[in-house]
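This report concerns only the one structure given below.
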């Protein structure tokens, strides 16, 4: 399972980053936490994108994960980081499995838009319900790890990075299995896949559910590392757009790409916000267009090109 | 050969699209090891017949039994699992992938059913099989080329190769030589038929080219306006008046 | 090959982090104050920009020693302050991320600002976690200091309770014949709290009035209120309460006035001060108008030296009268100066907090007593007036202005506002 | 009865507003298969342009009635300029790419245009009350209504009638319907599809701009007003069936009336009701109530 280069890089790189986090300033640790949390959702979108499916509504699962953490915290007083993470990921996964029965019949723009619609239903419910925090959302208490309340954010960072490493390895392995390989083939020719004897609907359903679990986990980790959830930052359609943006920015080439893309996005946003607070949408939007036009393979295509020319 | 039980029994097949009758009174028995040619003019119902047998279209009425198992109501996937494969008039392959990758996916789907689909795909066993198929279908030299850049002929070979890796008992070929140049077509068919004979596959194929029909098939089904007007040996069929008038005569 | 890239990327990240954090470690002859305010979205024009203007004007004056006595000592404890302006838009979660950046990456010395209650509520626990000296300038929900004791967070103006208690008292005094009331408020902490406090106070002091069962809570920044206005027009209640602010308020007044809503019903707008200057002739006469305390149009003519300096300087620079947010941000910056003057420019966050806790100071328009929330929450007077267009001067004025002292409209320290109102507002000194 | 009439009028007024905006969205989708996220920007630009010029003309002492000319002119100018530029500079080069990628490009454009508005018009809200003030108000169903708001219903009816006429009674309509049904077929029939695309996009943009320009006199024209609109019109189009004018009309009426009913009778569910309708339609008829017929592709 760990024989290929990607796995080795993920493993060694991940460990190096965990070590680096111990000496890095807080804000860098924060950016890494935000970036890696979000990257989990991108990992799921990457699998869908390779299959030719783009969801413009995965903030639904991201938000479900985040709000599960909030509800667990506020209603049940659950603080354990793993219970929260599993809760968020499982609930999102369950929702994804159920919604998947509808989604697996749709492709292209319809797939993208049905996802948006479903995410907006959740958004409407939360915004209008005072007991769910309406527009304000909730503050979330710091998580505990194995019953211990950590002094700093570092332990949470280690947990997030570890979850990121494990997820990247699992998805990397998944993409090597027979069913995991059914991405480009489905995009290229569904009829042939059916005649080869594999159900396209089942394959898509599985990928969709996986992406929901990952997005839910991402939302849960994001909620914990930020300490706050609210509908506009977690569920609104612009958040879904952001997730797709990072997917395109990252490129579909490798499971490492989402992590690099998410970090680049965090840095881009931080500096756009710092240098031109009035114009950060313009900067993000402009970058988006530039990537779509001039770098369709995303950042990963640059990295692999650079890699080819140096090795 | 005649004493063996038919492997495919088609009874009273009818297919209508609104007022249009695409197929009617289709009754055919096919025995193991036969190579059957399906001929007819454009719109005579040949592809419709193939589509019904392979589960792409559901007949309006009638039955299709494969080794005693009823196929009507089954989709392409179930028909494939039952042991019937097909190739396509316009090759249906994965056009952004290489020839080797195309075959590998086909092999993996055929061999890794159920939870085996969650195992790593590139096993040494499958790689050997893949190379074997590549050799038998003369696709070695195109192995690492993306389908996009290949000629129609190579794509059709790949299309057929992908259909046989599941080791079907019946293979339906929809116009295997369409889009292939006159000089290439016999070579092409030699490769295909030889490979199929080795595997003892029963073959039904739709064909316009009477030279191909004469040379490779053991029996001919001639379609005209949704009905079978002749079911006989190729020699007889080509001499048959009705076939000459409605099939060969109108052929372009 | 991949490994090489990863190490290279890490190297770059490490180098840049050193460069970025290194730049801030220097002696304190200058300090950095972050001032968040709405720079984009519907709240920017009426609220965010005047607020930022007020902060900039007061900071400039302090840096140059131009404030009137007793604040004429140059600088913040001698240090000159540079402001980092940033946008408050985008939702609470984004603000939390930005706040962490301000503290941990940009190492600002103090954070002064925030208009939205949603943001303040989200940031208070973060400020405590990061131990960052923070002064909230405008946001109004009382929950911030009632939910938990704060150590590093301050608010230099009264909270929503005083706005709405004062509004109810004013109604009782000037419009004793009101029979019933309805309301339109935004569906987040600010709107919900405002309506709750107004409703509870009315039940206490005008028990014969009837509350409508169809109060409206549209989403913030909705912009179109046609159906809501119809529904309220049909409602039997003869008073409409609203805590709308900024662009939402202007749109609502505008659409309501066109449909005669304020002719049929008494309009009570608790954050109307900004609209009075901006809407001009389009503001209907006869609205009960508040400015969330003694700010803006309500105190335009107060002739203290500090107030006249504030009004005249603002008018000189920006060409218009200062509205409430300008006052409120100016006041918060002034509080920061007071803390720095007392604790010294190189004071720690803890020392700054100690310096500001519980002080009483003379601000531009009023006296500010930091006496609630354990000395973290200001208590100020609060007042209302009635709008009237002065056609000679060509501008809106307010008549019948009445102020209620802080002890009349705010609960004593340590008492929860809802409990205080429901308990009959014990200890209120009016 | 009073309440009923009021709900009906409120609902229709809101429906009309929804319809004008979503008609543009659905036309662009129907013909070009583009879900145009920056439709919200057309709306915002229409609102800003008309508010800006209505204010300017009023300052110059020109008669207020000119406001109505300004509204129509703003919509046309925004549609022509922005629509043309975006189609020619960006979208034209993307037709061979994935549909979803084009959606993303329009999303990027939307973000960019939001901030360009800030640069062009500043953060201060604009008020263009003159046309509304000119028309005064009337008493209907026991409450006062502004006549301007009621004319919105007429404008929507006009837009609907115009679309119907264009599609069903002109040669242009035949061409459009051919392209909507099957683009390849359109090309084989000798239709200049790129030209049809450009005109469609401009037409859709004009409708988006008209929505904004016409509503501008009743609102405070402030930054960020495009974000809400795109979600609402999106809901309308999903309910009605993407690409169908008829669907957009029915979708607008359903959502508009239900929302008005909620505001009057159960204000707590006001926002939720819009998305609830969308959810119900999605579960039972995922392609919307009036999805146009699609050609068989195999």
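As written, the chain order gives the labels A, B, C and D, with residue 1 at the start of each chain.
Operating definition for what follows: contacts are C-beta pairs under 8 Å (C-beta built on N, C-alpha and C of every residue); 3 or more make two chains touch, one makes a residue touch a chain.
All figures in this text were calculated on a predicted structure; none of them were measured in a lab.
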item: Most central chain, Cα average position; value: A
item: Far-end chain from subunit C, centres as C-alpha averages; value: B
item: CA centroid of subunit B to CA centroid of subunit D, Å; value: 52
item: Intercentroid distance (Cα basis), subunit D paired with subunit C, Å; value: 36
item: Between subunit B and subunit C, centroid-to-centroid distance (C-alpha), Å; value: 77
item: Overlap residues in subunit C, where contacts from two or more other chains coincide; value: 39-40, 219
item: Numbers and ranges of subunit B residues touching at least 2 other chains; value: none
item: For subunit A, residues that touch 2 or more chains besides their own; value: 127-128, 191, 278, 280-281
item: Every chain pair in contact, whichever chains are involved; value: A-B, A-C, A-D, C-D
item: Subunit A - residues contacting subunit B, complex; value: 1, 173, 176-182, 184-185, 187-189, 191-199
item: Complex contact set, residues of subunit B against subunit A; value: 54, 75-77, 80-81, 85-86, 92-97, 105-106, 108-110, 112-113, 116-122, 162-163, 166
item: Parts of subunit A lying in touch with subunit C, wherever the complex brings them together; value: 5-6, 8-9, 12-13, 16-17, 20, 24-28, 30, 34, 127-128, 130, 134-137, 139, 142, 226-234, 256, 260, 270, 273-274, 277-278, 280-281, 303, 306-308, 310-311
item: Subunit C partner contacts - residues on subunit D that touch it in the complex; value: 2-3, 6-7, 9-11, 13-14, 17, 115, 118, 122-125, 127, 129, 132-133, 137, 142-146, 148-149, 215, 218-220, 222-225, 228, 259-260, 263-265, 267-268, 270-271
item: Touching residues (chain side subunit D, partner subunit A) in the complex; value: 33, 35, 37, 90, 93-94, 98-101, 103-105, 107-116, 118-119, 227, 230-231, 234-235, 238, 242, 268-272, 274-276, 278-279, 282-283, 286-287, 298
